[in-house]
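Worksheet for the structure shown next.
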Amino acid sequence: MSAPSARDAGDGSGPLLAIAGLDAGYGEMQVLRGIGIEIRTAEIVAMVGGNGAGKTTLLRAISRLIPSHGDIRFDGRPLPTTADEVFALGLVQVPEGRQLFDRMSVEENLRMGAYRRHDASGIAGDLERMYDIFPRLSDRRRQLAGSMSGGEQQMCAMARALMAKPRLMMVDEMSLGLAPVIVDLLLETMTRIRGEGVTVLLVEQDVHAALSVADRGYVLETGEIVGQGTARELESDPEVQRAYLGDVTAGGV
Amino acid sequence: MTSAADNILEVRNVTKRFQGLVAVNDVSFDLRRGEILGLIGPNGAGKTTLVGMVNGTLSPTTGDIVFEGRSVRALPAFRRAHLGIGRTFQVMKPFPGMSVLENASVGALFGAKGGERNLRRAREQARESLEFVGLGKRIGQRADALGGPDRKRLELAKALAMQPRLLLLDEVMAGLNHVEIEEVIEDIRKVRDRGISILVIEHVMKAITSLSDRAFVLHHGEKIVEGPTDEVLRDARVVEAYLGKKR
Amino acid sequence: MNARIGFIVSAIVVAALAGLPWYGNSVLVQFGISVLLLATLAQGWNIIGGYTGYASFGNSVFYGLGAYGVAIAMVQFNWPFWVGMLLGLALALVFAALLGLAVLRLRGHYFAIATLGLAFIMTAIVSNLEIAGRNIGLVLPLLKSDALFYELALALLVLVTLTIFWLSRSRFGLGLIAIRENEEGAAVMGVNTTLYKVLAFMLSAAFTGLAGGIYAYYITFIDPVGVFDVALNVKMIIMAVFGGPGSVLGPVVGAFVLSTVSEVLATKVTSFASMFFGIVIVIAVVFMPRGIAHLVENFRRTGWRYFAENVRTHRL
């Protein structure tokens, strides 16, 4: 578990996001300890681990929604310390549970994603691109977001994030409550998005789903990184199962 | 195999439907007197919903909850507390404006058998529960002034002050570090040694393997596996429930 | 605060107040009656709003019921005053039980709005009741003894305050506070929340109704719009909250202070009276949002920082 070197490289050759020695938590409860990860441009990186491992806490720390200690560098430069600035830099989160504006239509939700942008023609063009990537949303432009199925809501949430023209998209527990067929559809979309130059950090409980599209991955357990490697390596790594279900060979009771 | 008299709790074919969604589907299990039973399952499996139906926060759409031989499915939460069912919550429910001692006193005053009528005796009971979890020095502090781990201790103390015979622990280990986890495991063992039967819901598997001989697994609202803890944790279906289907 | 010292001080204050009709002038006595009744209303509200956490905007209903109980008894049936008080009390209790069961299952804002609606409904119903004199109202027999009403009002205030003192130290009271702090948490710990809420509502209604009864006989004339007045309900809430909801003496202090301020401003600075009153309230909410009672308790500990911390908490 070596911490990646946080080089100050503004020339695009270094990692897009580099984290070293990150501690974060909620008040007295420290959830994350000494986290170190690296994400390169146009990669899909999976972050897997059981419930309560700290995955969502990590995303919150990166988005500066909660305080943290440690080194976070984006594009070689120190990551700004307010959520506002982080978003403006292009780190956009698709939160757990979608968090859509339920009583707004699909199109309104997508436009909210572009709230900070001022290029009207660019926005219009991107809207059409979203409908192209997610045909189901195209059929439901005027439908209230809260009235759609779970899978469609997840698509809407991702499209909304994409409307912000992110450089790094962080997706939190996309597969929760969704049928495997829908999850597969969404995973395909991930690959397509990556093809358009968006880097993705995929936080997932469903290991196999995440690793089926990811290039590399990290395994989180009780707030620490306990494994990392390429997707292929992790697929067959017993450490992954141990992180979820504990050490069953060593005696318990 | 176990006679009905040995079971403190029997959950029979319980289903919970929320409008269109089936959160718990035809689940049955028994909890033997004096045992610690583990309940595990991935996020969204329906564990908290199931436990909610045992303590009365929710009522089952169909099925029955039998506590110490009598059906309690129609009883509201406060009556089940009087019968001896205590519970901690994942999203904790302290009384922020009250002191730590007062928080636990509510449990002593209104808990099992309707609780204590005498304020002084209730306070003694409360104090004892607080000492047990290690909050003895903080009894005068306001509950909302407590830090994270202490809040968890308070949540447990409140339930213990009720003098329950069945204790439902919903993810008490969440957010604790390794040392704290060991401490809480020890505390739970001591609680069982007092004769209290316990249902432990956890994601921290160390707690399940250390405490429970038996466990069952919920996935998408259904019970998929049940049996001795280490067998359950090695079962292929359980691995798939947690890690997802191989692709 | 040491309970024994508190008792002795309170007893002295009560004795001093009781003597007012002898050493004060008639204007002061009338002002006194008004303040004492308001303080009782604030304390009555304190039971359901302060301790139980259900901000009732319908307490004026019970005030009106108490008033009409006395009025109807004395005017329509020629019964003595104390029988009228019992009738008013009975009406208040019955309505509190029935309405309570219906309305206490609502939370927060919805409860407030529902109780607000009750006041208007009551006005409409009573305005059409023959026995209540419809919207013309009723004229009660005249009793020219302000001193008597003053002492009655004082006695009622002492009674409700003692009740709240008992509440603050009883199992029932702790159950109410638990409901306020976390109702679901209270239920799973064994508190019969429905029963307790209705009982609190009834207790609140009882004192509010009795105050209304005294008021009716004192003022000699009542009509629906006057006694079911929502503005009165707002007043009692402001006084309770300013003084310290959930405390034993807070609402009394709040009622006394605010009434005096209002009176002084009305006579001295008439044109700006309302504005200053409003400003006083706003400043109080910003700097001492938990009321005077909390301020007194904590000033000893934190000193002047108390105010600064409150401002910071509200991110001003």
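Observations on the model:
First chain written, first letter: the chains are A, B and C, and each begins at residue 1.
Assume contacts are C-beta pairs under 8 Å (C-beta built on N, C-alpha and C of every residue); 3 or more make two chains touch, one makes a residue touch a chain.
Remember, predicted model here, so these are calculated numbers, not experimental data.
Between chain A and chain C, the least number of touch steps comes to 2. Put simply, the chain nearest the middle, going by average C-alpha positions, is B.
The most distant chain from chain A, with centres taken as the mean of CA atoms, is C. Taking each chain's centre as the average of its CA atoms, chain A and chain C sit 55 Å apart. One finds 42 Å separating the Cα centroids of chain B and chain C.
Chain A and chain B have centres, each the mean of its CA atoms, that are 33 Å apart. With touch defined as above, chain B holds no residue shared between interfaces to two or more other chains. In chain A, no position touches at least two other chains.
Along chain C, no residue makes contact with two or more other chains. Across the complex, chain C is touched by residues 55-57, 76-78, 81-82, 87, 89, 93-98, 102, 105-107, 109-112, 114-115, 117, 119, 122, 158, 162 of chain B. Chain A contributes residues 25-31, 33, 50-52, 173, 175-177, 180, 205-210, 212, 222-223, 240-241, 244-248, 252-253 to its touches with chain B in the complex.
Chain contact summary for the complex, chain B toward chain A: residues 42-44, 147-150, 171, 173-178, 203-206, 208-213, 229-230, 233-234, 238-239, 242-247. Residues of chain C that touch chain B in their complex: 169-171, 174-175, 177-178, 180-182, 184-193, 246.
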